[in-house]
Amino acid sequence: MDQLLKKCQIRSNLLRECLAECLGVYIMILLGCGSVAQVTTSKNSKGHYLSINLGFALGTTFGIYVSRGVSGAHLNPAVSLSLCFLGRHPWTRLPFYAVSQIMGAFLAAATIGLQYHDAIRYYSGGHLSVTGPTATAGIFSTYPADYLSLWGGILDQVVGTAVLMVCILALGDSRNSPAPAGLEPVLVGAVVLVIGISMGSNSGYSLNPARDIGPRLFTYIAGWGDEVFRAGCNWWWVPLVATCVGALVGTLIYELLIEVHHPENRFISESSTQGKATVSNQAVELSTVNAENNYHKDRPDGIKL
Amino acid sequence: MDQLLKKCQIRSNLLRECLAECLGVYIMILLGCGSVAQVTTSKNSKGHYLSINLGFALGTTFGIYVSRGVSGAHLNPAVSLSLCFLGRHPWTRLPFYAVSQIMGAFLAAATIGLQYHDAIRYYSGGHLSVTGPTATAGIFSTYPADYLSLWGGILDQVVGTAVLMVCILALGDSRNSPAPAGLEPVLVGAVVLVIGISMGSNSGYSLNPARDIGPRLFTYIAGWGDEVFRAGCNWWWVPLVATCVGALVGTLIYELLIEVHHPENRFISESSTQGKATVSNQAVELSTVNAENNYHKDRPDGIKL
Amino acid sequence: MDQLLKKCQIRSNLLRECLAECLGVYIMILLGCGSVAQVTTSKNSKGHYLSINLGFALGTTFGIYVSRGVSGAHLNPAVSLSLCFLGRHPWTRLPFYAVSQIMGAFLAAATIGLQYHDAIRYYSGGHLSVTGPTATAGIFSTYPADYLSLWGGILDQVVGTAVLMVCILALGDSRNSPAPAGLEPVLVGAVVLVIGISMGSNSGYSLNPARDIGPRLFTYIAGWGDEVFRAGCNWWWVPLVATCVGALVGTLIYELLIEVHHPENRFISESSTQGKATVSNQAVELSTVNAENNYHKDRPDGIKL
Amino acid sequence: MDQLLKKCQIRSNLLRECLAECLGVYIMILLGCGSVAQVTTSKNSKGHYLSINLGFALGTTFGIYVSRGVSGAHLNPAVSLSLCFLGRHPWTRLPFYAVSQIMGAFLAAATIGLQYHDAIRYYSGGHLSVTGPTATAGIFSTYPADYLSLWGGILDQVVGTAVLMVCILALGDSRNSPAPAGLEPVLVGAVVLVIGISMGSNSGYSLNPARDIGPRLFTYIAGWGDEVFRAGCNWWWVPLVATCVGALVGTLIYELLIEVHHPENRFISESSTQGKATVSNQAVELSTVNAENNYHKDRPDGIKL
């Protein structure tokens, strides 16, 4: 068995990272959108809005655990973009990451479409609609509330993604008060939870272009039709653009208000934040004992999400 | 007192492990099915569906804490099967583990039957039914929703258990980004929580053959009759077979997409994952200081759940 | 200021421990019963049954954090009794601990009585009743459900406290898979949470003689009258006796199924579990580096709750 | 990019700390009051009272993570005052901290006012009112329940803030059982959660003068008018004064019942608690290995919240 598995080994780092990003987003969206499917099709009897918040939060947590050691677990093109902007991720990998992320989200939506096929048919009476009382497109991607203006929606997405990015950067900033090693995925999940709790009602806190466009493409293909793009005055582009803008705004805020002001010489040299968090905390402890002198050189301590 | 207790010491490792698995599953099912009993008999006034999700999640967490140091806390025949398949657990112990796990689940169901005896009689008017408005068999084992087709149910169980297995393997993969030492039980509980939140409404997310068949046998004996096997078009075999298939599918997905591609030489040698996680983190730290040279040889760092 | 405070220093260990137990139980009951008061007087508009579960869980967590370094944070006469029974706590201190714990619970109930004075008067129309639609005695101590038989209630309390004790012992057993250092209070809170979720509807999961009798004495004095002792067929003695029996049953189960079977020689000598967990994890790490040779002798690693 | 950012570096410690406090409170209030806005404007369909509790709790957690490394994350004038009182923070910085905190809260309220502008207009029909069925001022600052007397409200705020302060001091007391390094923000968030669960219904658990007056000033300016100061019999001053009194009471309780009684000589010298928690746990571990002799002198281990 072990021999058989080893034959499948891929040695290309980029391909490994893309597979990890794809699986990470797949787990995240499967659990996140799955919770929306459960709440929607059970008509709130097997969950509430808080369940949906928890589904996306823990989905994010486990998506990160699945992929962080390999790709750094961005799981979000807007996060990848911000890290490229900060020089912590190569620009050349950005398109590969983004495509993998969208593919993972698409496959997760397809899985939910199959898994909840009976439930969706039962709930909607067989009619796949984007709006109305038995709308089911909202299981997969986000749509704005009726009262929301376009600029209100854009602002909502920008603020939400900016908060996400500020918190992610703070949790990984080893000169601030970072998350304990190994618990970053839980805390990033908690950020997603609280954004869902406090900024979810206006337009569904997509926060992530891949999370939105992947499932939207699935619904377009699987029978909901082009209404998924036309609904909400062509809302579909807002979660793509506003989240990227928001991530950059959040990055700038954190950099300008906190990170650039850290005094220069601290225990940990700045250059060390360029690696990927591929080595577990335990391994780091081991290396501390076995090879103290090399510590400064190769310690990967920046989380990249 | 101490002397008296020591006389009861068992030296057979297999027997110790079986006792631990039995007690671990007992705690898990007692707390999990207990939460269903509370929500059902109180007619949602003392809990909601989310309470049930939390009951099984934290039940799993504490079932693992109770048994992990002794048996590795599989608590699930499908997990044991996958670990045997990966060569991380001896095939010869599989039947003993499975029987202990089923026995633990049966005893837990019996305890709940006693503890909620008055409540169930009051709620159901004394009539123990499997279906209908005052059905109480669902307190103990899982039944499919009315709308669910057989293949839909099988797929639901396969996907759910596959996600469980992917996350368990990721959390224990020391070359990925594993759970912090000592917190694996909490994170595995969180996996169970989010699966319940996102994949619970179709057929009750059994995820575990022992969790389903043990309590089902109790209800068969305790007065619900053979309807517990006939309900849902003989649903009973699905949680037994589909969860094992799902666990193997999840294992393959994680191995093929992530684990086999890890570069060979890392700090921690691959052979070290064969032990059982019987030594606490603190003990490991101690051994690091006292006996650094032996570290690579006998460090047990694979979690086995 | 510092000088002034130092003049108040108490040097008697027993008195310090009693103060800590009293404050720990005070925090636990203030937050726990406070959540019942909030849910009751707001008629479920500012909380649900799950809030009550969370209130007692987090109340326990912070009660432990407040007192663990000084007294070991038993916070529960039934736990103190079990630890005496296991030889991990001196019998002579048991009555002092029990009285301090009851006093803490009484004072907490009095504080809630004051803090929710206006709310209780508004909710109940000024009539302090033990039963009926606007009963408010249940804010302070536990009463059985109408359907519950006496033996059913006793069994319910025995099972609940036994589960609590099994989990507490497992979380502190350094040869099993103990809780991570510093997180024991959170995990014991989670045990209380899940017991409330799965065993709370029959008779209110007192689990703790002090938690029940202290507030009951307050209600007796403060205007609810002797009905607080007569209600539920003189229910008041059940949470006192059955919890102690349950704690001993749980202790026996854990000892006989898990702890006595641990192989003798492990890294950590058995004698080291007799200390109190007064030293923080960080201090232990420090001592590891500064005084490695003394490690075995004075490392306090048993949590005592 | 990196060069550009470095040009913005501020070298004044006081200014850096004020920026951090401002951003920390901003994140806290944005997420906290955002959750009230979501629950209010969605008429409980996208959240419950528990969501609000979670919003403030996790808002506090991430507010602390964002600022702790720089300013110690007081985020609360009452906490700053207590730390000054204990001699752990210079009195001269108190006004700067307080103003920064109020400014952060004001800006967060303004952001929510914009982000929920459409929702508030839709919910309230365009009329910004402080009381009545479609009141929206409660999204921003706290108002007492109708039944609450003035003294009841003062007591409520004093008790709540005292509990907060006792728990914060216990979590940071290295000679008691402190929170694990790096998890203090999560546990302080949990304190805020449980206070909201158990002491939120009387007057909205402000616990923090800045959290209340900042958003109240925003509502005064933004169209709710001077009713925000007159409502509840001029309630506005209670959250300012009673929280400061409560914080001092809590400080005294913890000092007199627990902290002053700690035996003098422990591993960690008392003088070490005067620093700011600017260095991460990992850095501390590193310094332990690299520079053991300096450990006692410059280890910053007091959390300051």
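Residue numbering begins at 1 within each chain, and the chains themselves are lettered A, B, C and D in the order written.
By our rule, a contact is a pair of C-beta atoms (placed from the backbone, for glycine too) under 8 Å apart; a residue touches a chain by one contact, two chains touch by 3 or more.
Please read all numbers here as calculations on a predicted model, not as lab measurements.
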**Prompt:** Can you name the chains that touch chain B as well as chain D?
**Reply:** A, C
**Fill in**
Outermost chain relative to chain A, judged by CA means, is C
**Message:** Suppose a student superposes the Cα atoms of chain B on chain C; what rotation angle should they report, nearest 5 degrees?
**Reply:** 90
**Prompt:** If you list every residue number at the chain A and chain B contact, are more than half found on both copies (same) or fewer than half (different)?
**Reply:** different
**Message:** From the mean C-alpha coordinate of chain A to that of chain D, what's the distance rounded to whole Å?
**Reply:** 28
**Asked** Roughly how far is chain A from chain C, going centre to centre by Cα mean, in whole Å?
**Response** 40
**Complete:** Shared-interface residues of chain D (touching two or more other chains) are 48, 50, 180-181, 183, 285, 289
**Asked** Contact residues on chain C for chain D in the complex?
**Response** 1-2, 5-6, 8-11, 16, 19-20, 22-23, 27, 30-35, 37-38, 41-42, 45-48, 50-51, 54-55, 58-59, 61-62, 64-70, 73, 111, 114-119, 121-122, 180-183, 185-186, 277-283, 285-287, 289-290
**Sites on chain C touched by chain B in the complex** = 48-50, 53, 85-87, 145, 147-149, 152, 155-156, 159, 163, 166-167, 170-171, 173-181, 183, 187, 190-191, 193-195, 197-202, 253-262, 266-268, 288, 292, 295, 301
